[in-house]
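Some structures are shown below for you to check.
You will see two complexes here that share chain A, one where it goes with chain B and one where it goes with chain C.
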Partner chain A sequence: MRSSPRWRDLGIVLHYTGKILAGYSFLCLIPALTSLLAGEYAPAADFFLSFGAILTVGASLAAFCRNGSRPGWMHGMATAGISWLVAMVVSALPYWLSGHYLSYLDAMFDVMSGLTTTGLTLIQDLDHVSIGLNMWRHLLTFVGGQGIIVLALALFVEGGGGGYGFYVGEGKDERLFPSVMHTAKAIWKISFIYLMVGTAALWLAGMTIGLSPSRAFLHGLWIYMADWSTGGFAPMSQNVLYYHSALYEAITFIFFVVGSFNFALHAAVLKGNRKELIKNIETVSFGATLCILTMLACWGLMKLQVYPDLVSLIRKGFYQLASAHTTTGFMTIYPRQFAAEWGDLALLAVIMAMLIGGSACSTAGGFKGLRVGILAKAIIQDTKRLLRPSSAVVVQKYHYHGLRTLGERQVRGAALVVLMYMVIFAFAAAAGCLAGFPFLEAVFEAASVTGNVGLSIGVTTASIPTGLKLVYIFNMWAGRLEFMAVLASAGFVASLFGKRKL
Partner chain B sequence: MTRELASKRSLPPLVAGVLAEIGYASAIGAIGILTCAAALFMSGVL
Partner chain C sequence: MKNDTTFSDAIFVFFALVVAIVPAAADPGTDFFTAVPAIHLSDIVEKASSYDGTIVAIEGEIVGDVMARGDHSWINILDSGTAVGIWADNDRLPEIAYLGNYEAIGDRVYITGIMHRACPEHGGDLDIHAETIVLVKKGIPISHPLDLTRLCAAIAFSLSGILLAVLWRKRGRREKSS
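Our next item is the complex of A and B:
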């Protein structure tokens, strides 16, 4: 019996990484065909070239690293972590070929931002990007929201015993069905149902504000992809502010809230269990923290008289806060308005909202409402223990797809994830301060990258130091995968080169 | 018979589920709007 990985295990990991990559390469055909339809032949050539390159790399890895072994839990976790990094490197190729990036690192930053549904961007001249490139940007964020491993599992990777390891490694641990492949297919089915509903709603809204039908459709599709995935990318540099439409803002609000729900909750509700919506600890926790933080933000904004009337307070203040809490990152203000107008108290509310985030096993980031709910229940349980005789047994229940008893294991798991989020958040904030940004701005941007949000206070630009870009890339990756796959990948690589006990 | 009629009248679970989730998100939005109104009221603007 052996406990640490060997080079043979690396072959298994690379084989499955190659398979995932080979399947993933076919995504390039969607923007390639879009470009051809739009008469954009140079971008179409970029995407066909990228398709060939990614397919070659993926197929080569899958073919040369084949050793016939079935993947186990460890291989699944390491494959999930490494696949995301390899996907970042290869997906940057069409970005770099477009000429809209100052360096390949900037292009990789945008890919990681898209795949992790963060939404921060280093692109140059966004308002004049080709239709094909915009399709690629939003497709990456849509696929990243569901998960590239979930896509691979749904389409072609059989996974074997390590299938669940692949799935958990991507920050999802809810099985909607006993089979992981069926679960992955169900996640995509739910996303496609909402893709049709959301795109149609935004298409109509776009036409009411004067966009041509074709432009309204493309903007509706792209905004919806970023909306559902809680991504925050938009085809215009002014983000959602560009549309100046309360209807557009209302529709995006509804779909980013729905997008931040747990896929297990979607499955339960779509099967007819609608009571789960109001009983689930995550939706209760989300409603409570959103109300408290809205109150805090409004208090701060009112003190400074930033938005003196109800309409602007809702469309600017509440929208930004809800966008932060669902980790979407859509903005109806300019980034520098946060720094110049909002004040410390309102910014504190936004930072807290970004760190908490949406639901577990969803497209959202942050340390999740489930963990906030579990920790709140644990505090209630411990308070009851203090108030009752020492011999009394205090049982704390919570509703999460049925009534469950709170145990030490759940509390420990939740506390560890929250602690690790706070550690990498502090790391990114320190990196921002070291790069010369004011404390509050460094903390705001650190919360945005760690929680995969995408709201910016103006720190993230192509001119920030390379080290800070690398820290932000790491935080987006680690935050999205919720550490397990990151730790597994790091441990896997370290043990390959470490001394082996005989 | 009554159950049959009731099932014919009700929406398919998928449509009802989508509408329930959209309704829930709208309710969250309404609560947010009320919270903003309450904040304005307390600060003396409303």
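Our next item is the complex of A and C:
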């Protein structure tokens, strides 16, 4: 039972990273074929080039870094963390070749933003981007929402002992089935069912609002991919505002809320257990925080008379807040309107919503409704302990796919993750202030990157300092993987080079 | 000195009146009509409260789609990285040759209209209700020639990737069988 990594372990980690990359490379064929169908031959060549380059790197690692050992928990966690970084570097190639980025770092920023379903972007001239590149942008966010490791597990990586490590390393810990591979396949099945329904709904809506059938289909597919994944990318620079449509906004609202729910909850509802939807601690927590924060935001917006009527208040105030809470990042206002018009109270509500985020084991970010619910229950339990005799035993229950007893372990786990989120949030906010942005703007953007949201107050542009871009990339990565894989990867690399063993 | 100041004030007022009145009076399509300098869209968004409810003049490229909604349409105008929605009567829309996208730089238009910071008619959208739209410059198609070096690199990398993948699978099978 050795837990200290050796160079031999690095071989195992690189082997599995290579396998994941090799499978991941085939994703490039989707925008490549899309480009060919659209008659965009130059982007098609870029995607075939990227496919070949990623497959070469992946197959080389898989072929030459192997020693026949089965992966363990440590390998799974380190592979998850490292794979995301390597995927960021290689997936930036089509972006960079497109000429829409000022530097390779900007292209990597957008890949990390897409894969982590954040939605912030440094792309230049988005309104003139090719169909192929838009397909790649939205595909990345769709795959990232489910997880690149989940994709690999579902398709071809035999998990072994480390299979669960791969899966947990990507920020998911719910098993829909006893086997991790079956769970991964179930996640993709659920996503594809919704993909068909959501694309069809947005396609019809697109034609209703005046888009041509082909444009309505492409926009419907792309918006749906970003919607379900709580990603926030859109094919036009105005984001969802481009469509000027209450119908489009209503459909995106439904799917980003549904997308922010736990995959285990989807599975339960699809199996007929609809009661779970109203009993589950996550949906209860989400409903409660959404109501409280909506009231807070509306109070702030009404006090400043930002919107002239109730419809505007719902379409702008509530939509933006729900988009923040589900960590989607779809916008129907301009980033600078947050800064110039919304006022401190409404912005505070949005910042809190972005930090809380959606459900665990979903496509959403933030420190998750489950942890908020557990901490709220822990506060109730401690209050009861204070009020009752010291000899009394206070048992606190919560409903999470069955009735469970709240234990110290759950509370400690939830508190630690929330604490780590707050630490990196403060780190990004400080970096924003150091870069010269006003406090509130730096805090807003930090909450957006840490919670993988994508709403912007106007800070994130290609002109921000390189250091701030790197901090934001780190926060998006760490926030998406929920720290375990990040800490494991850092410890793994440090112990390879250092004398101290893990 | 006092007389000079009064005279310059009079000239200023005259030009201010010209700027305010001429757009409403002139016929669309004349060069004279587009003489009022356009405001940058980024300024309109940044200082939305100051422009709210006023008549503004803007100039930019039509991007994306013309989304017809009954007797009106939505078009989106792009100027220096910022795009804003324009709500226009279909009769006032000029004949559009090119919409801005990957394949073309869209037609450039000059628009005067009422700016709304939070339009009550359109669910609080920041938009401009067009009074006049004039085609300033016809768009042009953009060619994206295939780069032969990239094509060769794509073929070379794809072949090397596939060969390495075959090698990896063969090694994997050999190890499994042994």
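FYI, the second predicted complex is superposed on the first by the 498 of 502 C-alpha atoms of A that agree within 3 Å, B and C clash if a C-alpha of one lies under 4 Å from a C-alpha of the other, contacts with A are read in each partner's own complex, and residues count from 1 in each chain.
Definition applied: a contact is a pair of C-beta atoms (placed from the backbone, for glycine too) under 8 Å apart; a residue touches a chain by one contact, two chains touch by 3 or more.
The model shown is predicted, which means the values in this text are computed figures rather than measured ones.
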item	value
Contacts of A:G402 with chain B and chain C, given as first, second, both or neither	neither
First, second, both or neither for A:F48, with chain B first and chain C second	second
Touching partner for A:I254 - first (chain B), second (chain C), both, neither	first
Which superposed partner A:G210 touches (first chain B, second chain C, both, neither)	second
A:C298 touches, of chain B and chain C: first, second, both or neither?	first
Touching partner for A:P308 - first (chain B), second (chain C), both, neither	both
Touched partner set for A:G272, first chain B, second chain C, both or neither	first
Which superposed partner A:P389 touches (first chain B, second chain C, both, neither)	neither
Partner, of chain C and chain B, that touches more residues belonging to chain A	C
Residues on chain A lying within both footprints (that of chain B and that of chain C)	308-309, 313
Contacting residues of chain A [partner chain B, same complex]	193-194, 197, 250, 253-255, 257-258, 261, 266, 269-272, 274, 277-278, 283, 286-287, 290-291, 294-295, 298-299, 302-303, 308-310, 313-314, 317-318, 321-322
Chain A-facing residues of chain C, complex	45-49, 63-69, 73-74, 76, 78, 81-85, 87, 100-102, 105, 117-118, 120, 122-127, 142, 144-147, 150-151, 153-162, 164-165, 167-168, 171, 175
Interface residues, chain B side, partner chain A - complex	13-14, 16-18, 20-22, 24-26, 28-29, 31-33, 35-40, 43, 45-46
Sites on chain A touched by chain C in the complex	22, 25, 40-43, 45-46, 48-49, 51-56, 58-60, 62-63, 66, 68, 97, 125, 127-131, 209-212, 215, 236-238, 241-244, 246, 306-309, 311-313, 315-316, 332-334, 336-337, 340-341
